[in-house]
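In the two complexes below, subunit A is the common chain; its partner is subunit B in one and subunit C in the other.
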Partner chain A sequence: MRRTHLLLPVIAVLLVAGFCVTVLVGFEFRGTIEHATAGWIEVAERTGAINVVTAIYLNARLFDTILEVLVFAVAVLGVHFYLTTRGRPERVESIPESNVIRIAADVLLPLILLVAIYVVVHGHLSPGGGFSGGVIAGTGLLLTAIAVGTETVAARFGPRLIERLEWAALLGILVLGLVPVLVGRTPLSDLLPPGEPGRIASGGSLLLYNGLIGLKVLIGSWVIVRHFVEHRGEI
Partner chain B sequence: MGPLNGVTIAIVLFGIGLLGLILRRDLVVKLLALGLVNSAVILCLVALGARPDGAPPILAPPSVDAIVDPLPHAIVLSAIVINFAILALALVFVMLLVERYHTTDANRIDRASNDEEDEWS
Partner chain C sequence: MIARAVLLVLLPVTAAFALSQRRRLHAIIGMAVFSLLLASVFFLAHAPDVAITEAAIGAALVTLVYVLAIRKTGRLVVVACQAPGLIAREGDRIVGLEWEILKQLAETVGLDAVVRFVSHDEATAALLRGDADIGAGGLLADEVDSRLVCVPGHLPTARFDVIGPRDGTEAWPSDARPELADVIDAVRRRAPLSITLDLARFLALSRYDLDAYAVRRRDGDPVYAFALSPTGERLRASLVSLLDRLRTTGELDETIRRYFP
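And then the complex of A and B:
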């Protein structure tokens, strides 16, 4: 019994490793990397973005990114659903943090939000974008939640409003992808002109998409964190 | 590229993660192993797109002609976000199981749920 218990996993791992090695050995680059990147640089120049990665995932592969945001939304909805149908958590009295942490959180929160906004707004110019900026801002909210308690932060936001705002951001992304049809272009194409590369107001619709995704990820990660903290309970 | 490149390290990490996923009985450790598998896949993709002395894929003046392949970076972004979503949802399910069976041991949860089924029949 014990032996088969170990044998099967080892065989599975060997099979997977063999598969990986076979694929990688037989892998053959068609053309050079210059050849491959030239097409993507063309995409970036068409959208007016400097960051080629952003130009790929918000223009050439926008369909994938929208579905990815949908997966994220479904996960947030799942966490929300399973933890609220479990009934209200018994209130665990939060231990008041020392003044050092509270004052530090007060000082740091505006700076963290500023960095988050910078990362979102410069998504098409430098590394960053909606996803990372949203998570940075969510971490700032987590810091405040540690300092003053999640209930206080949640009450300050208004849970109903924040949930509606989350779905409004998702709807905004979908509508923004469909609006070009009304103007007579293909769906998911650029709505705004590319502009002058290197400026913040450039890159077509990338800035709008980044902003909406940043809002969505900020609220989504905050909802997940809040539910986890509220239902920590005691085992 | 010598034998110690990103791809081989990624394969080793993938194996470690897969073994942890199968052999460890603690559900939380299983989820950590799942995260390790995901990181290994990310490392493999980025390492496949890398090249010696390649610049980051940003078309700022010094680095226009020698950038690395930007496509893996864009694909990996989906992998990171979906891994985050999967881990969050799986942790919720572990939370529900712990509340019901008071353990994170997969075998004991299995046995306890079998006993419950026997009681019902």
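And then the complex of A and C:
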């Protein structure tokens, strides 16, 4: 039992370190400014994304983005770890909420989720992407939690499933970044064809990355809020 | 260009507004407005991606998290027993001397006062659990649970024994603290009673016909008190200094006269 407790973090650290080394070894570094600016245009053309910013942070600088996702994952893990060891109070008393907020949440939740899905799915076409879309959806969940209580919302999801889904999303991002190696291309490069610019099914792997990041951010923000509420107070 | 200049001027203004607010909810709203303005600046600077993220996180998520946080900590939760003249519900309003003091206390510490009317024992239990911050409603200083922090002396009072008709069993044991409405109901039914009431409750009861009962004022000079939860040391300091101020300015006497002419 003790040995597995030690083994798991070691394996996790080795995996992340191995990932970083693989990427750094395989990455093409180009030195000059001319190379860089020419690179951005080339990136946009290569991925077929209209939103160049997304093309950069989910293709040319995907390495940086993945480490940012890891930072977020570590933050969620920290909240989870430190708050679950605190133990929970016997009963969380929920404050009854006024009808105004309950009805407003009922009306707003579908709209907020719709906007969130739009922002995620159109990440490579218009401003937005996985991070902002995930946060928008998280806001919707939080609003519902204020209206009907975290317990009710959490019971609807099943906490174990949702936590596994969160780590599955993170794993998916890492695996998706490494799959190109299998077909003999540089890691974190594009796997899918660019498609016809302007369509949702274009932009190579950007849509997949955005979706996974959106899922990860949505669940992560929800997990943080749920832990704070369960262990430190009421909602 | 002008729009951007206006926004850049408004940014420090809203920041100062958020910082200067005493009420936490107002400060949070100030921060949300700040985030929205900042998102507009980003948008005008041709960074729509950053603008969307700033709006989603700064204006929405962070605001909601703060609102959640102050729902518990931003309230001054008062547990009170109904006591006419001190703290009682009148229609959809709450009136009374203690309520006026508590409203001022809430204002000085920057919280919203909310009242839950409960029985005496429930009030003590809620204060001990930490579910409530302050107990009111005609608590007598020498009867406050010793584990609670007691702030006595905003109003002198007296104890009255109401005993009568001697036939039949009494509705409550003599040390019980039933709801005043139940006592009034018992008196109107001429039910047997043996009960001790404080001045405020006795005054309310004496509007009804007490001929069938023997009324005796007990010796001693009890005073009313507020009971604070065991962790309420800082609140105690604020309450004591508020009471001192009200006493020296004469406001306390004036309020007392208003409720107990």
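Of note:
Note that the second predicted complex is superposed on the first by the 190 of 235 C-alpha atoms of A that agree within 3 Å, B and C clash if a C-alpha of one lies under 4 Å from a C-alpha of the other, contacts with A are read in each partner's own complex, and residues count from 1 in each chain.
Methods note: contacts are C-beta pairs under 8 Å (C-beta built on N, C-alpha and C of every residue); 3 or more make two chains touch, one makes a residue touch a chain.
Because the structure is a prediction, the values reported are computed rather than measured.
When both complexes are overlaid on chain A, the residue A:V229 reaches subunit C alone and has no touch with subunit B. With both structures placed on the common chain, the touch criterion links A:L142 to subunit C but leaves subunit B unconnected.
Of the two partner chains placed by superposition, A:A169 touches none, neither subunit B nor subunit C.
Of the two partner chains placed around the shared chain by superposition, neither subunit B nor subunit C is touched by A:L215. By the document's definition of touching, both partners, subunit B and subunit C, reach A:V53.
In the superposed pair of complexes, A:V153 makes contact with neither subunit B nor subunit C.
One of subunit B and subunit C touches more residues of subunit A, and that partner is B. Applying the stated contact rule after C-alpha superposition, one finds that A:F131 touches each of subunit B and subunit C. In the superposed pair of complexes, A:V120 makes contact with neither subunit B nor subunit C. Annotation: subunit A residues 51, 53, 126-127, 131, 228, 233, 235 touch subunit B in one complex and subunit C in the other. Contact residues on subunit C toward subunit A in their complex (touch as defined above): 48-49, 51-53, 56-57, 60-61, 64-65, 67-69, 71-73, 131.
Within the complex formed with subunit A, the residues of subunit B that make contact are 7, 11, 14-15, 18-19, 22-23, 49, 51, 54, 56-60, 64, 67-71, 73-74, 77-78, 80-82, 84-86, 88-89, 91-93, 95-96, 98-99, 102. The part of subunit A that touches subunit B in the complex is made up of residues 6, 8-10, 12-13, 16-17, 20-21, 24, 33, 36-37, 40-41, 44-45, 50-53, 56-57, 61, 64-65, 68-69, 71-72, 74-76, 78-79, 82-83, 86, 125-127, 131, 197, 224, 227-228, 231, 233, 235.
Contacts from subunit A toward subunit C in the complex involve residues 51, 53-54, 93, 95, 119, 126-129, 131-132, 135-136, 138-139, 142-143, 146, 221, 225, 228-229, 233-235.
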